[in-house]
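Next, two complexes with chain A in common: one pairs it with chain B, the other with chain C.
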Partner chain A sequence: MAAPHETGKGLSQGARNALPLMLFMIIGFAAPLLTVIAYSFMPPRSFGLTRAPTLDNYADIFASNSYISFGWSMLFAALTVALLALICYPIAYGMARLFGRWSPILTLLFTIPLFVSENVRLYGWILFLIKNGVLLGTLKSWFGIEPESILFTPGVVLLGMVYVYLPFMLFPMTLGVSMVPNETREAARDLGASRWQVFREVELPLSMPGIMIGLLLTFVLAVGAIAEAKVLGGQTIIPITHDIEIAFTYAQNWPLGAALAVLLMIVVGTLVMLVLKRFDLDAILGKR
Partner chain B sequence: MLKTPLSRRNFMQRSTAFAAAVAAGAKFTTTPAHAAREKELNILCWEGYNSAQVLDPFRQDKGATVKAESLTNDPTMVNRLRAGETKIWDLINVNNPWARKIMAPEGLIKPLDRATFEPYFDKMMPAFKAPYKWAMDEKGEQLIGMAQRFGPYCFVVNTDKVSRKTAEDQGWNLWNDPANDKKYGVLESDDWNVFNICCIAGFDPFKVHNDDEVAKFTETAKRVFKGAKVVGDIATMNQSLVSGEIDFHLTGGTYSASPARADGAANIRGITPNSGPMEGGKGGIVWIEITSPVNNPELSPLATEFLKYVQDPKVAHTVAFAEGTFNPVAQMGNKECFDLFTKEELDAIQWDSLEEEVARSVEYDIVPDYDKLLDIMTAAKKEASAG
Partner chain C sequence: MPEGPNLLKVPKDCMSKRPPILQLKSLTKSFGTFNAVDGIDLDIAEGEFFTIVGPSGSGKTTLIRMLAGMEQASSGDIILSGTRINDLPANKRPTCMVFQSLALFPHRTVGENIEFPLKIKGIDPAQRKVRALALLDQLRLPPNYYGKSVLRCSGGERQRVALARALAFDPKILFFDEPLSAIDYKLRKTLEKELKDIHRETGKTFVYITHSLEEAMVMSDRIGVMRAGNLVQVGTPNEIYSSPKDKFVSEFMGDVNVIPVSMNGSRTITADTFDKTFTVATIPQAFSKGHLVIRPEFVRFVTEAKEAENVLEGKLYNEYALGSRIQYQVRVGENVFIVEKLRQHSSTLRRDQTVLIGWDAKDSILVTG
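And now, the complex of A and B:
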């Protein structure tokens, strides 16, 4: 009698069982991606995949000022990640080590906004920051001061991105900090390390998996951000995602939009790979 | 067995059509070719026709499943049909030139029975009497759609900051005055922004443009976007006008100002310039929606029923004040329909000046070199964002 895993010729039983899921993954993830890549090689403003492939869309992008949009997306994603790292580490440390029974409440407070649509939250910020709105209106009526509105400026876009992506940095970071065994800190202190040395040589390296996941996750999300620049920034900056949206809507140039999306994937993918090459996640997660 | 052999080429074509259908959304279940579609209707439209207020009574009356998807620009909707979605949709609701000049010649829509539908035009406002130009094909033989919502669409001002008279007299030159920098916004309606930047630059948008005009367009687009305080959607524009962040905004009219006016902000007003660079020295542009049956091989019989349904005075009033934006409807020419509008509703849609604004406007048309001008404008927007 054959063992359950033996199938003779063809696929093993395991592979056969995994087939539906594999097909689902291919249709759900690989097919749309391949479609976008294929579209990027179609002639500009065409609507099918049956035309002769061309590099025209890529040539158009390099001849245009799309680098401005790429630049804004990269810059704001980098600034968001840097600011969030500075803001979130102390909070993560507090949640993992200091706040005790208040930690779950804080977690809840940071999580609740995720249940509200991002656009609704951003429009809430508009009502708060707009001229004669909650902030400026209160300052005017209570103190008689009328500062200039900061709405529709690049600074508010950054504020919006930091606000929206904070949980995506905070929670992996909290996990990372909580992974550091207390004994290692105590051992370091017993061996004469200063508080700074404990932080730099023990806590930071050991919490690096969580920090790295937070940094990568936030960067990838932030580089694809669009609503903050559109809603809070009033399009004072045009990120690359907005460029892609215009290509797919008003311009009806799907191949150009696809080529921009492919380039964005390449740029982000390359950056992520470079970071992963420098910080081996498997190694810091202790898998080898 | 397949009726036609599967070659590499038709495999690719079928794959593309399939991909387009999938992209249209899984919510639209594909119907077997042989199945009747008596009880289902799919509408591709501007917002309003997709509201429950409009659709629910029809659904209940017909016992039908009616799905409507709303988009906010014409080219996207037309290109959805071009990409193979004629098999999905039964009705398409876009602005006037697209039916007559684009969709009918390309075979994307089907004609209506003139004897059945032309009598409805006779009950509309006088300008819409049959044969109504934009509801007919280019030869003037076939009726290709029904008219309903319309409105002038140029720009909007806060009359507390810029009086109606000043705005109408100065017209598009508001954007040629450097003193107005950072006092205005631009509605994110890029196709209309192309028209309006042409008007600011001083030439008619609806013609092929020479090199000098393209150069002037480029310079104007850069200047307009550099001077804009905010570019955003209708809600952002109205909020910014009401709060005092901006004094006026480019691209707008009854369609965009009516939600603010209905909310009591009577100082927010759509403006049609007294004069401008269009034919006959006209300064404004007016849009008229045309709803047409799609050239769907399995067209639902409910498509024509729906077109009749929205002609009913009560339903036409509901369409005019469906959720989103509020607009005049051609059916207001019928007293039975007009009487349903309250004073506040008439004020929200600027009924007091509608006739004169329409008289000062040309009808929305196709811009022959739209793609080129849009690319220039998009680049100008990016350049402005670089400071």
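And now, the complex of A and C:
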């Protein structure tokens, strides 16, 4: 009988089995990340990794007004997540508990737009919202009213972000709500709880794993959003991702772009870690 | 002789003489054209341990869910202490249920689970804790379980937590929906007795449902046997055991000898599947066809035909040890009979041996249907 942890040939069986995936992850995930981090310490406007490391890029960023872009990205990500939570919870509740055999159809309707490129869908919104477009043109020719187009305002950027990231909040939330055993609801009610108390004491805490996953996922995605501000916002706001793109392309300043990216990773990573520490997903899921 | 309190004047069956706390009047629950609960009439006395027993699909879960307010009755009345409560939602009813799954709150500690109904009532935390610790003690759980996660409790401990939580609500009636069905045999036996002790300590009305008549016998003051949405028979464990109303009830009791019989013109009872006339104690009114029921412990091995009022000759097929008793399977032609005896030190009976088995008329029951 072969021992499960055979050490005869140097590597254990587990390590040998994990080796291909480890290599793949090192090459595909860790290497680019390390390259970006390395670039952030190179002198400005250099294109190699052989020069002496410096903190010039970070000094430049703290001296510049990049914090405004950071601020826009964080604010819009936070607003998007908050709006999505409010919009998606009732839908998730319905999908998990009320819609019955209609909920797979709704799932499909929420999924189908994902098959179309995000940019194409955003240009669709432009055609819909633009002056003399689908919405305003119809209003004008049918009712003779000509309201201002909301295109190229911060509000429409938010609309675009909520629209694009909705499925990423909805599906984990639906899973979270459907994880609540129905008998715990009934038991709470039987023990005298009102509907609101059942929600606050039982449903919300028990569906928290799904809600947390949705919040984190959409926040991380929304911080990295760029197309909504560009396409729908017409650059009324400049998110940090836009600054990073400019640094890597027009400005030809890779070390600056790399330093911005590293800072963004640190900020987002710290926030995520803080949240995960506060809400221990394993504990909520009852694994410990 | 001094005049003491005349205890003898207390009626023997005092339970059913008490005022009913719960009355059901032609209570019905329909799903489409199917009546899951089909017009049940029942009075449950205050302080009684009443068990509804029936096979799966008999409607017992639907019945208890209606009583607890989790299902709406289609017609009929549920009357609690004289007030019709049909339209009262579960959270407004002074009753509480212990679920089959227990439905403990997994994100809460043992203490928080027990305190839940108190928290809902708005009782302050210090008082809640005093009550929770008292309940832990009453349910034989150590006080350090107060801060323990319910997920770390064993099956038996969870049962106790669920019961403590229900008792914390201080309900007028406690409902139980087969809470012991997923527990292993030995622990179940312990918990059954504990539950009966707690019933005595609290003096509350318990309404319990189970598919196991054995479980019902151990705990109940009265039992209602349910079948296809109807109560077939209601009575004390002893009544159900010794005089089952029909074949269904008698077979539900576990191993029992049931012989299909008919009555011929001269008021004699004969077996349908073999040639034998039986002596019986009483023949019900208008009896023509039915079953003769004899409990296995009333059948004994005899050496001569005159030793019992009914005697059959058969072959010993097999024997089964049941702890303190031994069960024998005896075959009379194609018919299987079960005989039970207390265990003895030595047995002279061998397989395939020809034996005479017999019982007295008073130990058999003639049931219609």
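Methods note: the second predicted complex is superposed on the first by the 282 of 288 C-alpha atoms of A that agree within 3 Å, B and C clash if a C-alpha of one lies under 4 Å from a C-alpha of the other, contacts with A are read in each partner's own complex, and residues count from 1 in each chain.
Here is the rule we use: a contact is a pair of C-beta atoms (placed from the backbone, for glycine too) under 8 Å apart; a residue touches a chain by one contact, two chains touch by 3 or more.
No experiment lies behind these values; they were computed from the predicted model shown.
**Student:** For the combined arrangement obtained by superposing on chain A, do chain B and chain C clash, or do they fit?
**Tutor:** On the shared chain A, the partners fit.
**Student:** Using the touch definition from the top, say if A:M42 reaches chain B (first), chain C (second), both or neither.
**Tutor:** The answer is neither, since A:M42 touches no partner chain.
**Student:** Could you say whether A:E183 touches chain B, chain C, both of them, or neither, answering first, second, both or neither?
**Tutor:** Second partner only.
**Student:** So, does A:M95 touch the first partner chain B, the second partner chain C, both, or neither?
**Tutor:** Neither chain B nor chain C is touched by A:M95.
**Student:** Does the superposition put A:V156 against chain B (first), chain C (second), both, or neither?
**Tutor:** It touches nothing on chain B or chain C.
**Student:** Contacts for A:Q235 in the overlay, against chain B (first) and chain C (second): which applies, first, second, both or neither?
**Tutor:** In the superposition, A:Q235 contacts chain B only.
**Student:** How wide is the angle at the Cα centre of chain A, looking out to the Cα centres of chain B and chain C, in steps of 10 degrees?
**Tutor:** 160
**Student:** Residues of chain A touched by chain B versus by chain C: which partner has the larger set?
**Tutor:** B
**Student:** Could you tell me if A:Q197 is touching chain B, chain C, both of them or neither one (first, second, both, neither)?
**Tutor:** So A:Q197 only meets chain C here.
**Student:** With both complexes superposed on chain A, which partner does A:P205 reach: first (chain B), second (chain C), both or neither?
**Tutor:** Second partner only, chain C.
**Student:** What is the minimum C-alpha distance, in Å, between chain B and chain C after the two complexes are superposed on chain A?
**Tutor:** 44
**Student:** Please output the residues of chain B touching chain A within their complex, sorted ascending.
**Tutor:** Of all residues in chain B, those touching chain A are 9, 12-13, 15-16, 19, 73, 75-76, 79, 82-83, 185, 188, 190-191, 228-233, 235-236, 239-240, 243-245, 371, 374-375, 378-379, 381-383, 385-386.
**Student:** Per the contact definition, I'd like the list of chain A residues that touch chain B in the complex.
**Tutor:** Within the complex, chain A touches chain B at residues 35, 45, 47-50, 64-66, 68-69, 72, 123, 126-127, 130-133, 149, 151-152, 230-231, 234-238, 243, 246, 249-253.
**Student:** Which residues of chain A touch chain C in the complex?
**Tutor:** 181, 183-184, 186-194, 197, 201-202, 205-206, 284, 286
**Student:** Which residues of chain C touch chain A once you look at their complex with the stated criterion?
**Tutor:** 68-70, 89-91, 93, 95-97, 99, 101, 103-107, 116-117, 119-121, 151, 165-166, 169
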